[in-house]
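Each of the next two complexes has subunit A plus one other chain: subunit B in the first, subunit C in the second.
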Partner chain A sequence: MIWQIDLSVLSLIVLCGFATIMVKDLLSAAIIFGAYSFLMCLLWTEMGAVDVAFTEASVGAGVSTILFIAAAYQTTRIVKPRKSGRIFAKIVALAASVAMGLVLLAAQTNFPGFADPESPASLHLSPYYITQTLADTAVPNMVTSVLADYRGFDTMFETAVIFTAGLAVIAILRRVKHIDRCELPDPYTISAGSQDNIIRFVSRQLVPFMQLFALYVVAHGHHSPGGGFQGGVILGASFILLAITYDIQLVQQRMNEKWNILLGNIGVLIYASIGFICLLLGANFLDYSMLSKILPATDPVMARSHGMLGIEIGVAIAVMAIVVTIYLNLASNGKLDKGL
Partner chain B sequence: MNSVIIFLIVTGLILFLATTVGLLRFPDFYSRMHAAGKGDTLSSLLMLGGLALYEFHEINVATLLVGAKILLIAVFIFMASPTATHAITDAGYESGVKPWQKEKTASEDEG
Partner chain C sequence: MEYLVSHYNYWVYILLMMVGLYAMLAKNNLIKKVIGMSIFQTAIIVFYVSTGAKREASIPIIAHGHGHDAAHTVIEAAHYANPLPHVLMLTAIVVSVGTLGVALAICLGIYRRYKTLEEDEIQEQLHDSL
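Our next item is the complex of A and B:
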């Protein structure tokens, strides 16, 4: 911790946050928000939370910026000034948020102090993870083991949330027949990329390396920062790069919509079925140590490591498919023919 | 060894400063992108090269691995950064940003 760096990065973050809200051009707001995410990633790296920083860099600064831009591409770029009215509603909203803030402030006094070494979490929970993780699960990166093993339910439902988000985007946006009723005439649209040979060549060369790196991140999440979410997002980003530099048709040829939805399902199913296999073997749901009965040449400790690898692969498959699905639907307004 | 590392990193930092000055002071979109693309790539390469050399201070498997990873990052920056600059410049050209001309249209230099 170097407080000068922390302070300067933090003030830049606050500045970016305000700029994101104030800027009227939605494209600029999306880009400033990307810078905000990247600064958050720097701050987290500085604080030693490298896994979180990795997630922020890939999801926040990478894919969500693209998703915002795709959404702005299909809708509009300029925020229209809203008519000032409805004073009563505004006063009610202000009063409600102030009351909520006061309730939260009142509840805050019952919590242990910030970073209090005497708090129960610091006395019992964290030392257990720090000292026992390696003996329990044979995984050196304790963030992965907490995420995928000790709190496996959390991560399973996070994956389910992402899957649900993909389903929601399909349900709202996807249009099988071309009914062009909600086209917005707009002079301020973002121009689609040009058909440039240099950009196409370089991204074509980079995509295999990106996918290889994503597989490395997924498989190496036990030993270094990374894991299913980050690897899946990087895999999805490689397809998004192809969709941007070539067109959506190319991605559709490589991995069409049916496969995308199927892979999203399969990913979540892998996670849940590993849990059910544990249940069938007589352990609790997602208690991977019992997998040693069916995996050859593993003791219960190594079985937990292998179980985590299995669910990381499931998470990666689901996240990749859903990220690609969301991007394609947003960028082509649900028609999957052409777009950003 | 140390002096080479210091030279590389300090040169990278100075070029970063030059990039920033260029980005702020150049008159139009294209020359700003020129400063950003060229200076950014070279200074990143110099600094990453310095850091990789620093890792090779004592040669064993771990430092070799880290150094190789840094050099790989440098290779990918060398490919991706100029391409990104080219893509932005190309998009600017496609959407009709006028290049800056001396005296004539100095008032409408903003894209």
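Our next item is the complex of A and C:
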């Protein structure tokens, strides 16, 4: 922990935060917010949270930024200045946030110092995870073992929440019938870069490597940073790249809406059914050690490792399908014909 | 000085939360409000992750740990960062992109109906229709 690096990254983050709020153009705000996410990612690497940093780099800096740009494309990128007589609202908002800040400042005096190894959060539950992960599960990356094994219930419902978010986006935006479509002015033109042959060629060559890397991230999550969430987002990002550089039709031909929803279901079901198999074999729900009865040549410890791989694959499939669904619906305003 | 070095992190998180809350309350544009919500969210996430940091500790991946032959080596909890907040916040980040998608979808739905994203213009149209 080098506090000089920490401080400079933190001040850049605050600067980016202010700039995102102040700037009068939604496209610039989205890009600055992407920079903010990348700086967060540096901060987390510096704190030793490599898995969180990886997730932020793929989700926060990648997919969130492109979702903001898609929303600005379908609506408008200009933030109109507020009409007069609304100064009062600004003062109230400022007072509320300053009051919250003062309360939190009073609370933080009781907190343990930053990076204190004796802080309460590091003394009670986590030493067990750190010392026992190899003996219990043979997985050296303890973030993966806690995510997929010790706290497997938690992760299962997080996956279900993501699936629900995808369904909610479809329910809000998707217009299937022609009558349902209301006429909108043509979307605000952001760039004509998608007609560029160089961009199309480079991104088309990039897609298979991205997908291979995503599969590596899923499969190697036991030994290195990564896992189902990050791999799934990268897989989804490869389809989003195709949709941006070519058009949505190209992605629709390869992975249409029906397949997307089906894959989202299959991902969550893989997770839940591995849990049920454990239940049928006589153990608790998601207690993978019982899988050694049906997996050839595995003892209970390795069975937990393999069980984790199974549910990571389920998570990756669900996350990929939902990320692609959310992007396609936002970028085409629910029509899935043409967009960003 | 020691107190300053061990607590300035918290002050920055509080500052970020204030920025996020201000944007949610004061900004007129709905997408700006969503960005404010995301800033508030990241401030909370960074606070949680910072509770897992330990001085002189490594990343939470055990070096040279292959299979369970390595299970007999002694592992000290103080040598690795606390993995629990990392796990909780990792899933929170992925869920946040889902909720962001829903929030932006609602913004698009509002734009479809009112042809504007500015809060005061939407309010005017609501008053006129009454």
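The definition used in the following text is that the second predicted complex is superposed on the first by the 282 of 340 C-alpha atoms of A that agree within 3 Å, B and C clash if a C-alpha of one lies under 4 Å from a C-alpha of the other, contacts with A are read in each partner's own complex, and residues count from 1 in each chain.
Operating definition for what follows: contacts are C-beta pairs under 8 Å (C-beta built on N, C-alpha and C of every residue); 3 or more make two chains touch, one makes a residue touch a chain.
The structure displayed is predicted, hence computed values, not measured ones.
Visitor: A:202 contacts which: subunit B (first), subunit C (second), both, neither?
Guide: first
Visitor: For A:298, using the defined touch cut-off, is the partner it touches subunit B, subunit C, both, or neither? Pick first, second, both or neither.
Guide: Neither partner.
Visitor: Just subunit B (first), just subunit C (second), both, or neither: which does A:238 touch?
Guide: In the superposition, A:238 touches no partner, neither subunit B nor subunit C.
Visitor: Which of the two partners, first being subunit B and second being subunit C, lies in contact with A:26: first, second, both, or neither?
Guide: After superposing on A, A:26 lies in contact with subunit C but is clear of subunit B.
Visitor: A:65 in the overlay: touching subunit B, subunit C, both, or neither? Say first, second, both or neither.
Guide: It touches nothing on subunit B or subunit C.
Visitor: Tell me which touches more residues of subunit A here: subunit C or subunit B.
Guide: C
Visitor: Enumerate the residues of subunit A that count as touching subunit B in its complex and touching subunit C in the other.
Guide: Looking at subunit A, the two contact sets are disjoint.
Visitor: Under the stated contact criterion, what part of subunit A meets subunit C in this complex?
Guide: 1, 3, 6-7, 10-11, 13-14, 17-18, 20-21, 26, 29, 33, 36-37, 40, 43-44, 47-52, 55-56, 59-60, 63-64, 67-68, 70-72, 74-76, 79-80, 82-83, 86, 89-90, 92-94, 96-98, 100-101, 104-105, 108-109, 111, 113-117, 119, 121-122, 125-127, 129-131, 133-135, 138, 140-143, 146-147, 151, 154-155, 158, 161-162, 164-166, 168-169, 172-173, 182, 184, 223-225, 229, 233, 301-302, 319, 322-323, 326, 329-330, 333-334
Visitor: Applying the document's contact rule, which stretches of subunit A touch subunit B when the two form their complex?
Guide: Subunit A residues touching subunit B: 191, 193-194, 196, 198-199, 202-203, 205-206, 209.
Visitor: Which bits of subunit B are touching subunit A when the two form their complex?
Guide: The contact residues of subunit B facing subunit A are 76, 79-80, 83, 86-87, 90-91, 94-95.
Visitor: Provide the residue numbers of subunit C that touch subunit A in the complex, in ascending order.
Guide: 3, 5-12, 14-23, 25-29, 31-32, 35-36, 38-39, 42, 45-46, 49-63, 65-68, 70-71, 73, 75-78, 80-91, 93-102, 104-109, 111-112, 117-118, 120-121
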